[in-house]
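Here chain A shows up in two complexes: once beside chain B, once beside chain C.
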Partner chain A sequence: MRIAVGGLNRNEMEAAVRKAAPDAEVIPTNDMQGASLLKQGKADYYFGACNSGGGAAISILIGLVGYSKCCTVCKNGSTPNQQEIEDFVKQGKIVFGMTVDSLQKTVPLLVDALEKYGTAN
Partner chain B sequence: MGELDQRIDVLQQSGFVDEIGREDLEKLVKVLTQDYGFPHSDELLGVLVTHVAAALKRQRDGEVINPIEGDILEDVISSKVYPEAREIKDKIVASMTNQLSRDEENFILVHVGGMLMNPDAIKARKGDVQ
Partner chain C sequence: MAITAFNILLVGITCALTALLSNMGVAVFNDGVRPFVPEYLEGRMPRSEYAVAVFGMCIGFIASVGIANALATNLLNPWLLFLATDIIGAFCPKKWLAAAVGALWGILCLVGIGGINAALTFLPIDLAGALGQLGTYIVTGFALFPVVAIVMQFGWKYGIATAIIGIIFRVIGPMWKFGPTSASISADAWQLLVGVVMLVIFAVHTDRKNKDKNAEAEQGNIFSERVERIRKNVPWLMAAGACIAVMCNMHVFAGSTVSMFNLSDAYYGAGADAQSLIQGAAVNELFRGISFIPLIAVTAITTGVYGVAGFTFIYVAGYLSPNPIVAALLGAAIIFVEVMFLGAIGKGLGHFPSLRDAADNIRSAIGTTVEFALLFGSLNAVIVMGTSITNPALAFAIAAAIYFINEATGRKIMRMAIGPVFAIGVGVILNILYVLGLVALAA
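And then the complex of A and B:
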């Protein structure tokens, strides 16, 4: 599983992904490059964080990869929901936005869902 | 064409902003680069541009954003960069044709605060890095 990570607090995101998915290849990047990596098949997923979870984190990916592949797994003012995250993964989403505040809780749930239901398996 | 221009192109082509929204993004960039010395290459500037584009789309779609978490806002308000962050935020908002809600303005304030606290941007604004 190859996961590109970008957005705000990228180092924290990278560390959280490495902790949750020790066997995954983690690729620190930004949203523009992350979109290219997905389109070139050099990454399977993109995780991005911002303060709102759905704005700066994934807007460029929505433009470059397509809305149908993108989702916000945790918006500001809410908490990550395992069932909702699994549903997104089952729908074939590959770009995941979340709030900076929630990433420590969201990343393990998302990695777990991707390991169970992800398209890269 | 630089990455920031490409970013704005993508945001317009994918419908996040219309022509007036694009001009607002360009005015935002002008405030931060020409008036306050942030480099065009500042990655957080790209993040802010993208955030504001998403905010304009939310506004157009009638989507109301949850207010930013109080402790995050308080971190910026209680920081030493707050006076300049507020000044820059006010200047950005005043430069734009589109009006944003107070909650959206608070997100901009937090973004700008983050930019002012970013060590790379501090060096660049001092002229240490191009």
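And then the complex of A and C:
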């Protein structure tokens, strides 16, 4: 599993992904390069955070990779929901946005869902 | 905020206009909403789904930073007004309806927030005065953002070096007097200046080292159609820009958390310091605006949808203009220039991906530093209220309880807003206790 990470508080995101998925290859990047990594098949997934979970996190990827592959797994003011995250993964989403405030709780659930149902296994 | 006929008209027209821009898909405030607009306009997403998505993305900010900060500062802010008009524009099926509901929302906010704030000043335990503490360390905290950004991008050694040099300059710098009035530059300005200069030096240095990596990603040209759409809409955008700049100039509106608390102090508190507080707020806003250019430019270019406040430089023009007419002219002119340069900015960003990295790091760093400063200022406000009843520990206990409950329930209220929320909460609860005769004011 190769996960590109970008967006705000990227260091925190990178650390959270490495902790949740010790075996995964983590690629620190930004949204524009992350989009081209996904398109070239050099990364399987992209994780990004911002204050709303949909702005700086994934808005550029929606434009470049396509809305149908992107989702916000945790919106501002809410807590991550395991069922919802698994549903997104089953739908074949590969770009995941979340809020900076929630990323510590969201990343482990997301990694878990990807390990169970993801397309890159 | 002065609730005059002119201000009611001004806020009403501005919000009608921004709701209309959202309804027509010309501009939205929330950067996260922008990519959804073409999905909706081009028929890949039904209006109902679109409206719900916009609502979900905006409501958390309105409820937390929007309302709490407007109450704490007695100034309107873009989260309260423009995220709401993003939603209103998305929900309303007709243009005229969007404009009408937008205007109503704006007027309701102006009268409501102004009214509640006026009521707060009559409370026995002075909440409104204590809230003046909120902004005390914002400028100082903000001045340290380069240190955090440097640690994120270049590692801790560079960060510590920057922190040490910055603090030396903040001690020594202000001792240097110049000119006939022996003026000096403030400690915070020195700190910020040193930090930004070092950030630029490190960035240029690393960019030179990895020059060959900059070849990829030339996506600018695919989007010329989108840029053309924004250019075609420029008269609308200029009208909104002019209105927003005038709101800033009329002291009813502040652009962001890096400026609003100091502006509130300047407008309602400090007499003689007002001008320097406004200038400090304007400098903060300017730097914040610069860090947002890549995000706003790239989302605008890829979607054909602009921001209702553009790159937010119109706020700075509004704060500093001598009168509303100059503010309106500058606001419109700034938006015009931004839109004309949009294509060029997009191409530049395509060539230098490191710039996007830097901007994301700077935005993260600004978030971190301002959150901390605001939390500290909010605790100060709590302690001031606690001291006025000779029981600061009680005030602290109430504030800490609100904070811990929010943390433990998964931060329903975002970190940027929890400080003002618990400060207002403490004020309200202490006043209730006072009315019940359970606490008394210090003699």
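Simple rule for what comes next: the second predicted complex is superposed on the first by the 121 of 121 C-alpha atoms of A that agree within 3 Å, B and C clash if a C-alpha of one lies under 4 Å from a C-alpha of the other, contacts with A are read in each partner's own complex, and residues count from 1 in each chain.
We take it that contacts are C-beta pairs under 8 Å (C-beta built on N, C-alpha and C of every residue); 3 or more make two chains touch, one makes a residue touch a chain.
Predicted model only: the values in this text are computed from it and were never measured.
Aligning the shared chain A places chain B and chain C in steric conflict. Of the two partner chains, both chain B and chain C are touched by A:Gly77. Of the two partner chains placed by superposition, only chain C is touched by A:Asn11; chain B is not. Applying the stated contact rule after C-alpha superposition, one finds that A:Gln104 touches neither chain B nor chain C. Here chain B and chain C are compared by how many residues of chain A each touches, and C touches more. When the shared chain is aligned, chain B and chain C each come close enough to touch A:Asp31. In the superposed three-chain arrangement, chain B is struck by just one stretch of chain C from 9-17, 117-125 or 135-143, namely 135-143.
Chain A uses residues 7-8, 30-32, 50-52, 54-56, 59-60, 62-64, 75-78, 101 to touch chain B in one structure and chain C in the other.
Residues 3, 6-7, 10-11, 13-14, 16, 43-44, 46-48, 50-51, 53-55, 57-58, 65-69, 72, 107, 110-111, 114 of chain B are the ones that touch chain A when the two sit in their complex.
Chain C meets chain A in the complex at residues 30-36, 39, 44-45, 56-61, 63-64, 152, 216-217, 219, 295, 298-299, 302-303, 349-350, 353, 356-357, 360-361, 363-364, 367-368, 409-416. Residues 6-11, 30-33, 36, 50-60, 62-64, 67, 72, 75-79, 97, 99-102, 105 of chain A are the ones that touch chain C when the two sit in their complex. Of all residues in chain A, those touching chain B in their complex are 7-8, 30-32, 50-52, 54-56, 59-60, 62-64, 75-78, 101.
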